[in-house]
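Below you'll find the structures, each written out as structure tokens.
Shared between the two complexes below is chain A, which has chain B as its partner in the first and chain C in the second.
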Partner chain A sequence: MNRKKRIRLGVFKYTCCAGCEFQLIFFQKKILEIFENLEIIYFRMGESGGGEEGPFDLVLIDGAITEAWQADQLKKVRQAAKFLLPIGSCAVNGGIPAIKNSTSELEMEKRVYQQIQPLHSMKAHPVDDYVKVDGYIKGCPMGEKDLVEAVTSLLLGKRANFINYSVCVECKLKGNLCLLIADKLPCMGPVTNAGCGALCPSYGRACYACWGPMEDANSRALAWQFEKMGLEPDDIFRKFTQYASNKLEFRKGAQLYGSTT
Partner chain B sequence: MDQQPEPRTISIDYLARVEGETDLVVKIGEEDLDITLKIFEPPRFFEGFLVGRKYDEVGDIGSRICGICPISHMTTTLQAVEKAMGIDPSPQTKHLRRLMCLAQIVASHIVHLYMFALPDYFGYPGFVGMMPRFEKEKNNFLHMKEAMNRVGEVIGGRALNPISLVVNGFTQIPAKSSLLSLAQGIEKVLPMARETAHLIGRLPYPDFKVDTEFISLRHQHEYAINEGVFTSSKGGSWSIDEYQEQFIEEQVDYAMAKKCLLKGRGPFMVGALARVNIKFDQFHEETKKLAEDVCFNVPDYNPFHNNVAQALEIYEGMIECHRLLTSLNPQKEKPVVKIRSGPGTAVTEAPRGLLVHGYTLNQRGIVEKANLVTPTSHNFANIEKDLKALAEKFYQPDNPDDLKKKCEQLIRAYDPCFSCSVH
Partner chain C sequence: MPKDAFVIEKNQFSSWLKKLQESFQLIGPVEKEGHFVFSLIEEVNDLVMDYDTTMLGPRKFIFLPEEKICTIYQKDQGFTIKKVQDVPGQLLIGVHSCDLHAILVLDKVFLLKSFQDHNYRLRRENTLIMALNCTKVCPTCFCSSMGTGPFVELDKGFDFLLTDCGESYLIESFSEKAKDLLLPLNLPQADDSLFKKKEQLFQELKGRFIKNLDTTNLVQTLLENQDHPVWQRTAEERCLGCTNCTMVCPTCFCFNVKDKISFDLKECDRVRYWDSCQELHFAEVHGANYRSSRKARLRQFVTHKLATWVEQFGCFGCIGCGRCMYWCPTHIDLTEMAKEVQKSNFKRMREDGYA
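Moving on, here comes the complex of A and B:
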């Protein structure tokens, strides 16, 4: 029998909207041949049953870590996985759930629930605060190119080459007019990781950094630029705390204008 | 030796093929039955952290409440902000939003029926495993989904978490030609929607009926999605502004989601079956004919038939999207905003039912108070009520697995979104 060895896949969801898992379901059409090489071991949104213990060739983690049981399970899953990748902004950067990190946990709980005893939520953290990861599939929802790159690299046994430049590069490639310079819009493109195809600027909108920071981005310089353009301090603070308030790159932009802890 | 027997327990840990995380515990005693839907989805505190954020980012943040119905959350958020600021968007904006929301309802139903519901009725753990033997169904699923996703991509920039929708309009208006090509795409998949209705209408649903109060939005002139008044199948209608007076939202100690009740009446059902029961007369004639072909009659009191109602809404939604796409003649418009302080509440029909967003803004347009109630919070009490009736009817002591399976099917039929419900 000529049977290829299939990649044993695990997908785990933590604190998020499940949009990235949902995206995963739709990549099937475009990269069906890749999915034919996958064997689903654990993916509760897609299939009943399946064991958390693996072993897995590839594990995808959706969502930020905000509860202790998630961190415990994540560590176990890491041990059972050859490769582990966070998918989407929540898992990669803390994402939208991390907006709450600049306010005290107790204050958050009280704003939403009358009885706070049953709650055991912690501040939102990205996956790599707890375990070693083998790359990042960025985006909100996660981008397709990086996922295809990750899976094909795994099949071919080569090192994955993820997108690692700013949204500005994609704008230039598309020939977009610069919104920051020409229209004086507070665009986060210069400090944001590319992969979306400069989506917002192409639709006449300033980038709002949903893919999170590009590695080593100089957020402080961009924050000063915003200040010169006349943005209020709290507006600048919000720009750098919407998608990745945990990440050092964005904290540098935010911390001059408000408290990030 | 007269010992009180221990109650039998049926439990489901981390229910598969639904959006989000829940357990179910059914305790069967001598005299009574106890049902608890333990929604353990971790809270993200949207109502907490939206406080202090500005009007121009709440739409983008709000869309991240749900990965399946981001367009509904975004639209409802924007409408609530507009209400607070006293903005009445242009008819074109309303039409484009209706188009996007309908396309998303159709897409969400397609995913629910094929990925989540169907495997139950054919005995598979998931749809991926079904695909090799269900070639035609797989193609219908993927092509329909693709055609509806395209609507979100072309008008919104991205099918999930679109980016062109802002307060009082769109940052970019689509060209007439691109709308027409979307319409062509829908024409191609319309026959697949008919096939879907026949497939879903034929499934062996349990013979089960429960007395239910259905609530949906209703509008004088159209199948209500983003505008209308609350209408109950048991009589009564209320304006959107009366929401706080008519509905109660309570915290329970076993779930992270809050539970909603209609004041003085109790549990109620929202979603596709509620809409179809209340607004069947507003369907296009072709959809009414399709309903007849699959032997669906209103009012229908079998919650499992929410699947059939979804299949009918897929067809109806495609026809309506096609009508809008071919009749709209988009003109350039700039989304102008004049910031004003005050409260605003908006309600829309998301794929799974009534969705409520309410915000109070200050004079700089910063959120001071946020309140969100999602379809699954509205359905929470009714799901438990139906599960109880189901267990009473179908429990056999020698075959508890049958009931367990039916409980799973029933919860799935509601198409719950636990991530939304906790938010």
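Moving on, here comes the complex of A and C:
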């Protein structure tokens, strides 16, 4: 097959720890071949300069939307992009920044800062609350497999087949003894999107849902099960608001045990 | 009394296995974190022959959780395909009656007259099975209801059968290969008294089952009650769509295929991995998803195992091992659902004017 034109890439960062961008830089060293197919147009953390205006074949968005200017820019970027994918839990689900969503802004700001006048942060939202997206590269930080799938699919001109089942699938394929049953640990694996290779359960730790919910997750039923297992309401609430408090799939579990506002 | 039946002291059994280790990969039950798992045996002494049950059955050594089907190479003109060719010979030790039946069910699925699954056939042909009659019954076991245990009553499809008689095993052979492997041991023939003892153990064990399922008219009853409220209620209140039930079920055969393509687009590994009808996208085809509700997916699991399988393969898809309900995070029990349908057969009640 003839080598196609290189993919024009843009990477935009909003409210997050920048871990996903570091992950991208890490992949650049690790899976070099993938970057031979990419032409970087805009990627502040990787290279200075670059044009925000595009046009782009592929845009990756890192971070949650918590300020008005971010939403404005995001909409412009969307228009300049053929494909736009949120990367990592903050952009996909609201992520860690969205923990604050179930508390008032005033209380949150006062808890962290002495001077709150200069702050203009608002509630945290995932990227797809503002623009149409062409898929999700989930993970905290984003997963390698889905990124590879996105790029190879673009090269082949096929629809990407992203991972969209529960962590339990990967956990079982690995043959791990289930911690929820064998050790009575409150594992979030049954409602969490796979992709990490069941990382935590493989090391004897219950999944805490850092990849966010899988589609159609039945959080209510898992929350009830946690209650039966003796978890306190506050702990159950935190489990479902730690990584994706924005997502309806998790709100359904959280709502029974606290106010998600 | 079958004539290929011998007595083997447990010590001698172990040293024989050590010998067999030179020609086969030995696979059997070992202890892991307070549970038992089938695993590759390095040390014969690690085998725990009086294990109760395992999370994953020996299925995982014949129908692998994840395996390569072939590699596809792009050439200037067209492409070439390389299939998987070499697999090691293996001996599965201590396979309980339910799991033996499960493998024979999978044989029906993968080794059809009209189509034989290449990878499955390759591994199956290179696998010897040493079955083991059970000595314990778990609270979740109901093989006696499904006609698949607790003792093996088959005479083909496997190689050896062990019955624990205290200091020794009664060992019976059911294939030419097995006979050949036993021959050099010059074991004493098993006599009548041993078979009496075997029968006695069998009868004793049969009386210990806690869980039961009445299979009379079960297929028809389930098929008539596709809209029974038990499906929706259980799906809503308890089912997580997590797939654990089907992942641990020893007869589930569904798999998904994915391509791992090199970045120069010249080489592609075609890989398959266990898939599950409990997963939202399982029944997705172009433009539609035939089981987009969790209710429909849960019902598919139960009715496939206990009803539609019969028409498809001529036997139940459930061999009564109890794994699905034990490893389900909310302990959903397909026998309880079936019983609820049997108790309140809505189709019949409607016809009789009650519902």
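Keep this in mind: the second predicted complex is superposed on the first by the 255 of 261 C-alpha atoms of A that agree within 3 Å, B and C clash if a C-alpha of one lies under 4 Å from a C-alpha of the other, contacts with A are read in each partner's own complex, and residues count from 1 in each chain.
The working rule: a residue touches a chain if its C-beta (ideal position, glycine included) is under 8 Å from a C-beta of that chain, and two chains touch if they have at least 3 such contacts.
If you're wondering where the values come from, they're calculated on a predicted model, not measured in any experiment.
K.L.:
After the alignment on chain A, I want to confirm one thing: do chain B and chain C clash, or do they fit together?
P.N.:
The answer is fit.
K.L.:
With both complexes overlaid on chain A, does A:L180 touch chain B (first), chain C (second), both or neither?
P.N.:
Touch partner of A:L180: chain C, not chain B.
K.L.:
Under the stated touch criterion, which partner chain does A:N164 make contact with: chain B (first), chain C (second), both, or neither?
P.N.:
Only chain C; A:N164 stays clear of chain B.
K.L.:
Which of the two partners, first being chain B and second being chain C, lies in contact with A:Q225: first, second, both, or neither?
P.N.:
second
K.L.:
So after the superposition, what angle do chain B and chain C open up at chain A's Cα centre, nearest 10 degrees?
P.N.:
Approximately 120 degrees at the chain A centre.
K.L.:
Looking only at contacts as defined up top, I'd like to know whether chain B or chain C touches more of chain A.
P.N.:
B
K.L.:
Mind working out whether A:L156 is in touch with chain B, chain C, both or neither, as first, second, both or neither?
P.N.:
A:L156 contacts chain C only, not chain B.
K.L.:
In the superposed arrangement, does A:K13 touch chain B (first), chain C (second), both or neither?
P.N.:
First partner only, chain B.
K.L.:
Regarding the shared-chain residue A:A217, is it in contact with chain B (first), chain C (second), both, or neither?
P.N.:
second
K.L.:
Tell me the contact category for A:N193 with respect to chain B and chain C: first, second, both or neither.
P.N.:
It touches nothing on chain B or chain C.
K.L.:
Nearest CA pair across chain B and chain C in the overlay: distance in Å?
P.N.:
13
K.L.:
Please output the residues of chain A touching chain C within their complex, sorted ascending.
P.N.:
Against chain C, chain A makes touches at 1, 31, 33-34, 36-37, 151-152, 155-156, 161, 164-166, 168-169, 172-175, 177-178, 180-182, 187, 189-191, 214-218, 221-222, 224-225.
K.L.:
So in the complex, the part of chain A that touches chain B is made up of which residues?
P.N.:
13-23, 25-26, 28-29, 35, 40, 43-50, 66-67, 70, 95-97, 99-100, 103, 107-109, 111-115, 118-119, 121, 124, 140-141, 196, 199-200, 202-205, 208, 210, 235, 238, 242
K.L.:
Would you mind writing out the residues of chain C in touch with chain A in their complex?
P.N.:
Touching chain A: residues 32-35, 37, 55-56, 60, 65-66, 74, 236-244, 247-248, 258, 261-266, 273-274, 276, 279-281, 294, 326-327, 329-330 of chain C.
K.L.:
Touching residues of chain B toward chain A in the complex: what are they?
P.N.:
Residues in contact with chain A: 14, 16-21, 42-45, 47-49, 51-54, 57, 60-61, 64-68, 70, 111, 115, 119, 125-129, 142, 145-146, 149, 157-158, 160-161, 163-164, 166, 171-172, 251, 253, 256, 419.
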